[in-house]
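What follows is a set of notes on a single structure, which appears directly below.
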Amino acid sequence: MKIGFIGLGRMGSGMAANILKAGHEVTVFNRTRSRTSELVAGGAKAAETIADACRGDAVITMLANDEAVESVVYDEQGVLASLPQGAVHISSSTIGTALAERLAASHIAASQRFISAPVVGRPDAAAAGQLFVIAGGAEEAIRDMSPLLDAIGQKTFVMSDTPSRANLVKLSNNFLIASVIESLGEALALIGKGGVDPGRYLELITSTLFAAPVYKTYGGLIVGERFEPAGFAAPLGYKDIKLTLAAADELRVPLPLANLLRDRFLTLLAADGGTLDWSAIGRLPARDSGQAA
Amino acid sequence: MKIGFIGLGRMGSGMAANILKAGHEVTVFNRTRSRTSELVAGGAKAAETIADACRGDAVITMLANDEAVESVVYDEQGVLASLPQGAVHISSSTIGTALAERLAASHIAASQRFISAPVVGRPDAAAAGQLFVIAGGAEEAIRDMSPLLDAIGQKTFVMSDTPSRANLVKLSNNFLIASVIESLGEALALIGKGGVDPGRYLELITSTLFAAPVYKTYGGLIVGERFEPAGFAAPLGYKDIKLTLAAADELRVPLPLANLLRDRFLTLLAADGGTLDWSAIGRLPARDSGQAA
Amino acid sequence: MKIGFIGLGRMGSGMAANILKAGHEVTVFNRTRSRTSELVAGGAKAAETIADACRGDAVITMLANDEAVESVVYDEQGVLASLPQGAVHISSSTIGTALAERLAASHIAASQRFISAPVVGRPDAAAAGQLFVIAGGAEEAIRDMSPLLDAIGQKTFVMSDTPSRANLVKLSNNFLIASVIESLGEALALIGKGGVDPGRYLELITSTLFAAPVYKTYGGLIVGERFEPAGFAAPLGYKDIKLTLAAADELRVPLPLANLLRDRFLTLLAADGGTLDWSAIGRLPARDSGQAA
Amino acid sequence: MKIGFIGLGRMGSGMAANILKAGHEVTVFNRTRSRTSELVAGGAKAAETIADACRGDAVITMLANDEAVESVVYDEQGVLASLPQGAVHISSSTIGTALAERLAASHIAASQRFISAPVVGRPDAAAAGQLFVIAGGAEEAIRDMSPLLDAIGQKTFVMSDTPSRANLVKLSNNFLIASVIESLGEALALIGKGGVDPGRYLELITSTLFAAPVYKTYGGLIVGERFEPAGFAAPLGYKDIKLTLAAADELRVPLPLANLLRDRFLTLLAADGGTLDWSAIGRLPARDSGQAA
């Protein structure tokens, strides 16, 4: 297929590379042009404009937040204005459900197709083509795009024919991760102040009931206080919890644990923690109990 | 070794059976005598009194709560009064840290030895000798008792030479499980009201980041609303969260997520949920969002 | 002065009437025209368009929410397009700080003046000219408008020369009221389930430390479960708490009690409580404790 | 009447003085004997033992906490062992409902009478005989003791014929005060970080809807950060919130706001705030938002 790829951050560049490797014709666009060089060396074309990346069968957007997606799509020369009829916009960014609904409606009105395909995994999984893809959209569109989804991920989970539901699932996934961070942070504050060795504790729980990667990864970061450089920066985690709460507002679902997480991020950010990994909220329970700084 | 075993509930009977199988001489005691018959058929002796179960190298207590342990130990003819000097009391019940500290001091004063050895696992794991043992106490005592600990569990984690710290770890472990229930309950309320199929959602998360038994088990219970019969009844979960908070009070550690859990259990119990499995608190977020009953 | 008044709801109609009584020349506008008749009978002119209400020295807007204010101000023929240079827009609606900042900037850019003057008090106080006015804006503009502010309120509190700060104060005021409702709701659930007569309890607290109108009013509503007809409907209370949290997000201030209130409103609204008075959240603690419906 | 008074702290000494002034024959006891001298100078007798203070028509206990009351009452030579049949024990301490129930049962079993009569007010009100008395107990006992209750307070509120309900009311009263502190703390953190002058803000709210002493007193303490010397020390506030939660546990009433308060006190005490006034928890929201220390 002939496709465009917009957004070459740490996730996007790995995803685009894997699509290229799978034999597709890829035109890439990034606001900061220098990030295209490696992909161009690998055979991609560099687009001068967003519109130039929208002349094929599909365009994938992988951007930082709602504002970036809105700007790229709704610009006068943006995706919506440039994509051919029948072509597909695959949105892989972690965005809010309200924007996903608006995108779906806009593309339908423009006789284009739209699927939400947010991904689960860190940059190394993106580079290895080992992401998990959470897909939402018309069955036919997802089937047509499956060669692309297969190129970026190890498995695609089709959640719904309503695109925004895939975004809701992705947000809830990040909420679950943040909940693990909070619960580990509280447990470690408790046993640590009680005199138990945190490393030994972590070994115990991650080799028994909590033998999942998410406990090992985040437990290690919290115990070692390894919050820099950020794998996933606190402002992004904060953004995702706010998007989760916005969806919950819309649906009328009280989420007390999500509220707690929101306050943790606010506290961290108010104390200049904007450059830290989001797991740094897991250190706040220790601070509140008078341990360390 | 010659040992006594007090408390033949669903956990204790499996543990005692495995010690018996390992070739030790076991005298069992249970308040309700009928529960001893199967073990007696397997070669155990039935004690008429608590004191009769305290005449060997060690006695293991596996009881429902602090009150039961206190009564068995501090009775005039109880464990403390009956155990020979140098013999070991192994406390496997999930009790509070304050009681564990009191037990340790009492046994030292009586020239007896004491170790805390709470276990992780459900009744089926107890029957299979596949529990995890969290041990706290003097190194020598734990070493001397290792044949017994090996008989009941697949692995022993020695956490500290202070017995009560093993109890703190066990409480924090149950707090972590309850946190998983809460976070799953909120996530399921959100995506469910948003129109996503809960079963498909569960499949997604448990085959990606949350591929741990604890998410599969509790996710399945919540989605299927299979809260009866209770594997671990709500009042016991409530008790453990209260013991966690009591330890946190003592140590001056604020635990907002544990508070939320306490309120969930109170809400469940206030609505006559005392016979349900503790995972039933994971249905409250759906209720608060106006879904189902 | 010659002034316009836009928004003749239960609050606005009382305010406009008092300005008229104070001898000013008043032109009123309301989306639903029928609401103007009583004021016209009293000497006011009815404007056909928003623009017609913007031809004097000042225009006061008193509308239900941010969306209504935005529409009235930023419409092509709206306040911003119609108000003469140097004239003053007095915004008395309870709106968010972000919108207030945007309004301030827009009016400056258009060489108009802007003050925020949200009010405290119920419709009966508005009718009696006994509101409290919370004013923010340039000193000179507030001084010039003081005859109007004096006409609608018993006292004006000038909080800042930045208009949006008056809105922040108003939001925090409603947050404090909702906090009173929550705390009373919890206290009443506790003593009620404990067997104490709620009426006698209320008499005690409101004649000792809590002898403020806010405790008497809301305590009476909760104990009597008099939630219909709504004096201030739950969706409005929910809106104000959300605006409070939005301001807190912007300023990076964690507000756990405001989060709790947000969840209370969500729970109420999810259970079809949209027509009830906002004090109905004060009944939820009793429900969670298994009392009544 | 001939009465004993046990516990001459800052509250008790004022109360005892007023009973003396009212013409009763008073025998006082305090663990630290020196505190009796002023009252003896005023005509009281000093008891050598608790028993010596229990030989009249009634004995009043005004002590710091449950432990002190338990020790004074259940000592071998304590109140229970010493009070004549038919005489009345008036317990004015702020104690838990469980202890109040136990005291009531003990006194009935000993053919003595018991009323709970906790008081509302600070030491200056105690000195002036201007406390509010919250009474619970048999109607006849309260009537017989009314001359004493009238001597210490400006008004007696009879809440129930079950003594412990008066204690429940007193605890809920302190919960309401702490809720005011929390809500003011959050509001002040918000408007303060938003650039509003806290003093002016306080003037506004306390001269409008929140014109109650409790807002003036605590608002002033928080804004001025006047937490030393403590009028009511943080550990006492913490104790009362814990007793409130213990009563709520017993009654199965979830109290999320009380949980938040518990965590605030834990955070304060973990940071060595044990000597501060309990209103110091009202400074924590500002700290969490990155303002000041």
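Read from first to last, the chains carry the letters A, B, C and D; within each, the first residue is number 1.
Going forward, a contact is a pair of C-beta atoms (placed from the backbone, for glycine too) under 8 Å apart; a residue touches a chain by one contact, two chains touch by 3 or more.
Source: prediction; values computed, not measured.
Q: Would you pick out the chains that touch chain A and also touch chain B?
A: Of all the chains present, those in contact with both chain A and chain B are C, D.
Q: Could you quickly compare A-C and B-C and let me know which has more C-beta contacts?
A: Most contacts of the two pairs: A-C.
Q: Using mean Cα positions as chain centres, tell me which chain lies farthest from chain B.
A: Result for max centroid distance from chain B is chain C.
Q: Where the CA atoms of chain A average out and where those of chain C average out, how many Å apart are those spots?
A: 39
Q: What is the distance, in whole Å, between the centres of chain B and chain C, each centre taken as the mean of its C-alpha atoms?
A: Centres of chain B and chain C (C-alpha means) sit 53 Å apart.
Q: Mind pulling the residue numbers of chain A that touch at least two other chains?
A: 248, 252-256, 260, 263, 266-267, 270, 288-290 - these are the residues of chain A that touch more than one other chain.
Q: Under the touch definition given earlier, write down the residues of chain C that touch chain A in their complex.
A: Chain C residues touching chain A: 242, 248-249, 252-256, 259-260, 262-264, 266-267, 269-270.
Q: What does chain B use to touch chain C in their complex?
A: 256, 263, 266-267, 270-272, 288-290
Q: Once bound in the complex, which stretches of chain C touch chain D?
A: For this pair, the touching residues of chain C are 97, 120, 132, 134, 155, 157, 159-160, 162, 165, 168-169, 172-173, 175-177, 179-180, 182-184, 186-187, 189-191, 193-197, 200-201, 203-205, 207-215, 244, 247-248, 251-258, 260, 285, 288-290.
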